[in-house]
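Worksheet for the structure shown next.
Order as written gives the chain letters A, B, C and D; numbering starts at 1 within each chain.
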Amino acid sequence: MNYINNEKVEDLKIAYIGGGSRGWAWELMADLALDDQLSGSVYLYDIDFDAAMANEIIGNKLKDRSDVVGKWDYKASKTLQEALTGADFIVISILPGTFDEMASDVHTPEKYGIYQAVGDTVGPGGIVRAMRTVPMYVEIAEAIKAFAPKAWVINYTNPMTVCTRTLYKVFPEVKAFGCCHEVFGDQNLMREMLEDMEGIKVEHRNEIRTNVLGVNHFTWFDKMSYKGIDLFPMFKEFVDKYSETGYEQKETEADDLGDYFRSGRRVGFDLYKRYGIFAASGDRHVSEFMPPWYLKDPETVEAWGFALTPVSWRKHWREVLIDKSNKLVAGETEFELKSSGEEGVLQMKAVLGLGHMVTNLNIPNKGQIPNLPWDAVVETNAVIERDLVSPVYAGNLPNNVNALVLKHVMTQEMIVEAGMTKNLNLAFNAFTNDNLVAIDIKDAEKLFAEMTNNTKAYLDGWGI
Amino acid sequence: MNYINNEKVEDLKIAYIGGGSRGWAWELMADLALDDQLSGSVYLYDIDFDAAMANEIIGNKLKDRSDVVGKWDYKASKTLQEALTGADFIVISILPGTFDEMASDVHTPEKYGIYQAVGDTVGPGGIVRAMRTVPMYVEIAEAIKAFAPKAWVINYTNPMTVCTRTLYKVFPEVKAFGCCHEVFGDQNLMREMLEDMEGIKVEHRNEIRTNVLGVNHFTWFDKMSYKGIDLFPMFKEFVDKYSETGYEQKETEADDLGDYFRSGRRVGFDLYKRYGIFAASGDRHVSEFMPPWYLKDPETVEAWGFALTPVSWRKHWREVLIDKSNKLVAGETEFELKSSGEEGVLQMKAVLGLGHMVTNLNIPNKGQIPNLPWDAVVETNAVIERDLVSPVYAGNLPNNVNALVLKHVMTQEMIVEAGMTKNLNLAFNAFTNDNLVAIDIKDAEKLFAEMTNNTKAYLDGWGI
Amino acid sequence: MNYINNEKVEDLKIAYIGGGSRGWAWELMADLALDDQLSGSVYLYDIDFDAAMANEIIGNKLKDRSDVVGKWDYKASKTLQEALTGADFIVISILPGTFDEMASDVHTPEKYGIYQAVGDTVGPGGIVRAMRTVPMYVEIAEAIKAFAPKAWVINYTNPMTVCTRTLYKVFPEVKAFGCCHEVFGDQNLMREMLEDMEGIKVEHRNEIRTNVLGVNHFTWFDKMSYKGIDLFPMFKEFVDKYSETGYEQKETEADDLGDYFRSGRRVGFDLYKRYGIFAASGDRHVSEFMPPWYLKDPETVEAWGFALTPVSWRKHWREVLIDKSNKLVAGETEFELKSSGEEGVLQMKAVLGLGHMVTNLNIPNKGQIPNLPWDAVVETNAVIERDLVSPVYAGNLPNNVNALVLKHVMTQEMIVEAGMTKNLNLAFNAFTNDNLVAIDIKDAEKLFAEMTNNTKAYLDGWGI
Amino acid sequence: MNYINNEKVEDLKIAYIGGGSRGWAWELMADLALDDQLSGSVYLYDIDFDAAMANEIIGNKLKDRSDVVGKWDYKASKTLQEALTGADFIVISILPGTFDEMASDVHTPEKYGIYQAVGDTVGPGGIVRAMRTVPMYVEIAEAIKAFAPKAWVINYTNPMTVCTRTLYKVFPEVKAFGCCHEVFGDQNLMREMLEDMEGIKVEHRNEIRTNVLGVNHFTWFDKMSYKGIDLFPMFKEFVDKYSETGYEQKETEADDLGDYFRSGRRVGFDLYKRYGIFAASGDRHVSEFMPPWYLKDPETVEAWGFALTPVSWRKHWREVLIDKSNKLVAGETEFELKSSGEEGVLQMKAVLGLGHMVTNLNIPNKGQIPNLPWDAVVETNAVIERDLVSPVYAGNLPNNVNALVLKHVMTQEMIVEAGMTKNLNLAFNAFTNDNLVAIDIKDAEKLFAEMTNNTKAYLDGWGI
């Protein structure tokens, strides 16, 4: 890379693992195109090489457009080595296995009365997904160590915590952090609250200042403010107002993705009333971390005002996107230039020294949450400066919430270790430690056997 | 107190809180009578003053007997202040509430399908019992601080961890430790194993050397040896031999107390196979710490070869003991002089400088188990020297076991804090964090309301 | 206080302890006058009430001036209680004792061949100053606890670390931080370096991003950057260029204060060559933390290109300022409205929620420097948000530098404890632990006796 | 090895690195010969093969003697690999370099006014000795890892802390501990005190119970008792009685080794008066850890009642021992069978499961002293059981003593790191951090250059 007057950087190389992605990849393309300080190449690596090729074509069309200020070359790579060598940044967003695997993760447990809204983080689905993912991340971490040890790595893949932790366990010097937009959604919820309750319009969610602590998808705010206002007293009233009806957020994923993604935040409101601080992720995620209070059965989910996302919908949506991709490749439609609302490009700029920032990231615990285990991956605020990410001290979780969080941290530590050593027994220990696996031990054994059998194509070496 | 030639101590004062006890108190009487190095007075304080009076009479009969070498005066005290002032040792073994309270603790949850074998440590019964007990221990700790701040305190009351933790939270300088014989039983099991498997006769359980780690009634051995023999390989075979049939221990509580106390250790064997180290407490206790795998219903308990102890039996046994007490007071029967097998008197002697010892105790975590929270009360080995108890480094629990233990540590931390502040909401957070409360949240609320209502006479100030 | 449209705050109350100050107080007046978002009252408390009265008059003249946009009422307070009650902020900048005491601190050791450039932080002077100061801060901390427990406290008094630590030890819930501009000077040095070496003009020192770690006046940078530039390679060349001649900074204290404050940074450059990271305070301070390598005698000091500041100069300068004060009170001269370059007002605004900031502060170690003791006061970056100061993880000091820093941390921990308990023996342990007290133990005893005797008017209760 | 009836072990293999030793090796021979539970082979490895051969002959003569109950074969080994392969225990006692090197370590600093009583642990001599020793221990640790990874390693070489730390840094799974008899001497001092002050005869030093904390040769007792007696009040009187005259211990090294080893403990008494706890090593060692208060010059040493040990004496003594060895080999004199008073054989038996013990050892800090750095090698009590050494919690050092100890811990951490990476600059940082190097930095540079030059034959790869 090459700095121009300390204001712009050209010749950057970004390696995108999972570069055939039609979600995160397109958002990154848009954000890069809209930023005039950075330029260079994006190497797209994907086990589905055709998908990467399609994105190469889509991406390369952008640089000729007059409304594009950030000029980038896109190139599909056949090998990780080619993509990684010389990279300044590495972005990882992969699907570990196919949607058929995910269908098993999410829906097999339903036979035993276990329902999951997402099924990619915790719950039986999250655990088995982790069993597939950890060995993939071992491979990725070793490739980073070999080919791009000084690159900064941004992870978007779920299970976020488990993926990021694996990178660090395999290659402790890795410069990696995990990013997730769930917290942004809650900052937006606070914006809407300010307008709803007090008529105050807040321009950007990052004016909502929060102390973030927990693990990804189960992060909590114990402090929230807007300028001089402590938002907790207002939030208490807001919860009283909407805890029965739910509050429908104006801008949400559900707008784009439909009813299967809706969340009236009644679970979050209920947890606030029970535990005293705010669980800052959508109900679909948060409910999976709790005992099956909110996910007992589809009727209970319905009653709490959120939705289970069937994998059939994901398959359908995939078709929609493939169709869209084909049209973009063919030039039948034009790529929409719209800021994604994600922070990836801003984070890269901060790492490059072009403006420091404070934001929430998933990184190893260096004491930022003293009562969670050292080195476990946690989500808190961090300061990003040139070539440096420093966690901000978030403080202890209160004991009642920590009891909830620690349980998952322990499961995550187990499943990472199990994945690295392909220890099936330890994986089952992790499986039975999950809150949603609240079934008889014999049933748990059967379910685990069935789920791992369904995905055994991706569990080579586990002895299945 | 007064040392004679550095070999004997006379004029010791022991305060016994719960001094009307017909179990631990009689065992202490016997052990004191059989030891020729100590003499002095035992002050018996009990809210049932008549019971203390009976023990005064029983105890004082001993000193005239020719077979008694340890001469002690017994005195029932009307006030804690009188009992504690000037005490060198304080022994606490109380029943927090009556057996009617305990009947509610143990049996009310059965309506919701929750079965407990003991119900005094964890489980809904243990939690509600803790709600009664913590405020009593706050009072005791304050009295110790006021009247006997330098005395050594030995706790026998359950829930052991919660009681000991409360003493330290209220009065951090307290010199207290909690003692329990569950580990002794497992050392005896190893003795029997050596004879059963190899024909080796071991004289005393303390020749079985173990590394102890965990919390009371959920302690684990990760190292066990007899002289040069690593006992784990032998234990693996022993488990293979008996995991289906169970192993009936020769000397157990069940001999004295009957069938309701039996345990074939099949739960312990199953946990060893699942988790790789040995859960060193009887199955009745250990099963309560796990999800309802072993306590699903009475049939499951039966199938695993252990027993639920109904409180009706405790009430019956109490009658037996009252009758025995009456006869002892009346001189109709003679007090049986038999070593209890407990270590209380040996521990006192070690504290007095008459022989140091290494044994397992419940004390605050000063890093002896690095991956449990600092200051939580844990059970490990400790060295007892003159006026000094020093924990021995036990090392980390393996992650899979630590996931099991940490959950209870968090519950215990919550219930102590709840009890000290009479915070009903936090107590309910603790209640729902228990593994046996694997029921719907609405049912949990109902059960909690019913249980706390049943014992509300002992829950003054909680807002019930 | 009162927010207007979430953009301004009126009716703030600031208590200024040491409010007769003619240095920090005037700078605060100027900065408040130049800021249009805040207004309210400043209560000036000083044991020299006349000095506080003078500042009341000087301060109150400001609000009528048309070039003043921040309107404040100033009021001299006769009691700490009056000043503190209802305060939103408390600023502390006091002189502990008189300049006669300081003359003894700085110059008595010269009889034993010990030279100090400043004598207010470490060295025999710093230790004895701390002996006077800690009891004063005990009193202040108790007053804050009683009258303004929720106020934010900004400390400017030296010894900075010791003062801030005392506040927290006496009142652990205090919301206090210590501020010092030494680091700013080094950020400015880096600005000048960029121009000197590369012709790059940097507008403001806060564009120089640094990772700060250490204790006040002995803080280190292990990372420094300007936009995309890692400044360490350039600094290495800069040191090579100037390590013999010294580098004379363009804007320094020496401009205002004269030759006694000059520093060519040769000590800093030498330490960089020996230890590999940069000691980010002026040579006058840094040299005092080292063994007497740079302060062996006046010739050595001269040779290293910095200066000893005699207390006679401070007395002289005090006269200059009294004269200036009199003229300001009399209206003979007009108060100069000039930004001080200090961050106090910005920090207050950040605490009020008007813009968060990342800056270096002195606060208890919550793990931001893992290899310094927990709770010792350290200097690192921190994020200031509404009602919240959160340290940023700075990482470990390298062992060779940590050996230097830890020694002083231990001395500081001792002298705070000694001051709180008036333990003269422990104070002497601290005294002999100082690097500059490199004299025979008998001489050290004599020197300590003489120095404490000289200041015994301020050492009531120490048994001197 | 092979257990017989769980009471005896035959076919043990001990590897002795430095097996030509005429001190520790002969003591081990005697202790092994006097113990009837162990038998097997001792492999003697030494860079002086002839010395090892002499010990082979001397050792093998023993087994035919009727008064020898422990029968051992001795064999001089030409390679580390042969000695280590299959070893159950490894004993290390080497001289790093020759006495000529040691003469430089001890006496070169005298040119700069630096006197050392021993010069093998800290001080300029200890640092330079460590520079030679650490690379040797790197080699030994790698050989242990390769050839005997499960053997237990007992280190006797100085600098003890540095040697043991190096073993763990190179091979973290090593099962090593360092042993030193300095603490035994102080337990014996307490025995004599009891007789001197109270006429109490104590049979064995291990009846004196102590809490040990610190680093080797700078260990402290903060608790000492004999049966029911707290020894500190008596010690206070003892110090008052002897602080001026010194107390001449009845049985000491000086009996065997002469006047150069005498110590009246006046330094220890002085430190007790200054710091409040007892520095439990002889004055010759302890004085080296302090600033040059006690080692200012030979007159000061004389005045404090202890002695500097010249290396010429060591050379002389070596001749005496060689002569003795020759006679033993030739059969002109008979090996004297006398218990050494050391614990090596007892420790081996404890590791073998033949009786557990609590004793003081040098092992990595796992929190046994919370305010010293984790993993630094410290000396505290530990429990030795079958194949297990567990530190006993010793608690925090008081701040005033910790300031003294921590400084050396930091130096030791630096010199180990320097030795492992052959970083001369870091070694010099360690050198200047030593208390005795209280000289000008330019002189320190010269001294360091001279000392390292003198021993450069052993500093290959350091760039000297």
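Quick note on the criterion: a residue touches a chain if its C-beta (ideal position, glycine included) is under 8 Å from a C-beta of that chain, and two chains touch if they have at least 3 such contacts.
Here the structure is a predicted model, which is why all the values come from computation and not from measurement.
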Centroid comparison with chain D (C-alpha atoms), farthest chain: A
Intercentroid distance (Cα basis), chain D paired with chain A, Å: 55
Distance between the centres, which are taken as Cα means, of chain D and chain C, whole angstrom: 46
Residue numbers of chain B (touch at least two other chains): none
Those chain pairs that satisfy the touch definition: A-B, A-C, B-D, C-D
Chain C - residues contacting chain A, complex: 3, 6-7, 9, 200, 209, 211, 223, 225-230, 352-354, 356, 358, 366-368, 370, 381, 383, 385-388, 390-395
Partner chain A, residues of chain B touching it in the complex: 274-275, 291, 293, 296, 371, 373, 399-400, 402-404, 406-407, 410-411, 413-414, 417, 425-426, 428-430, 432-433, 438, 440-441
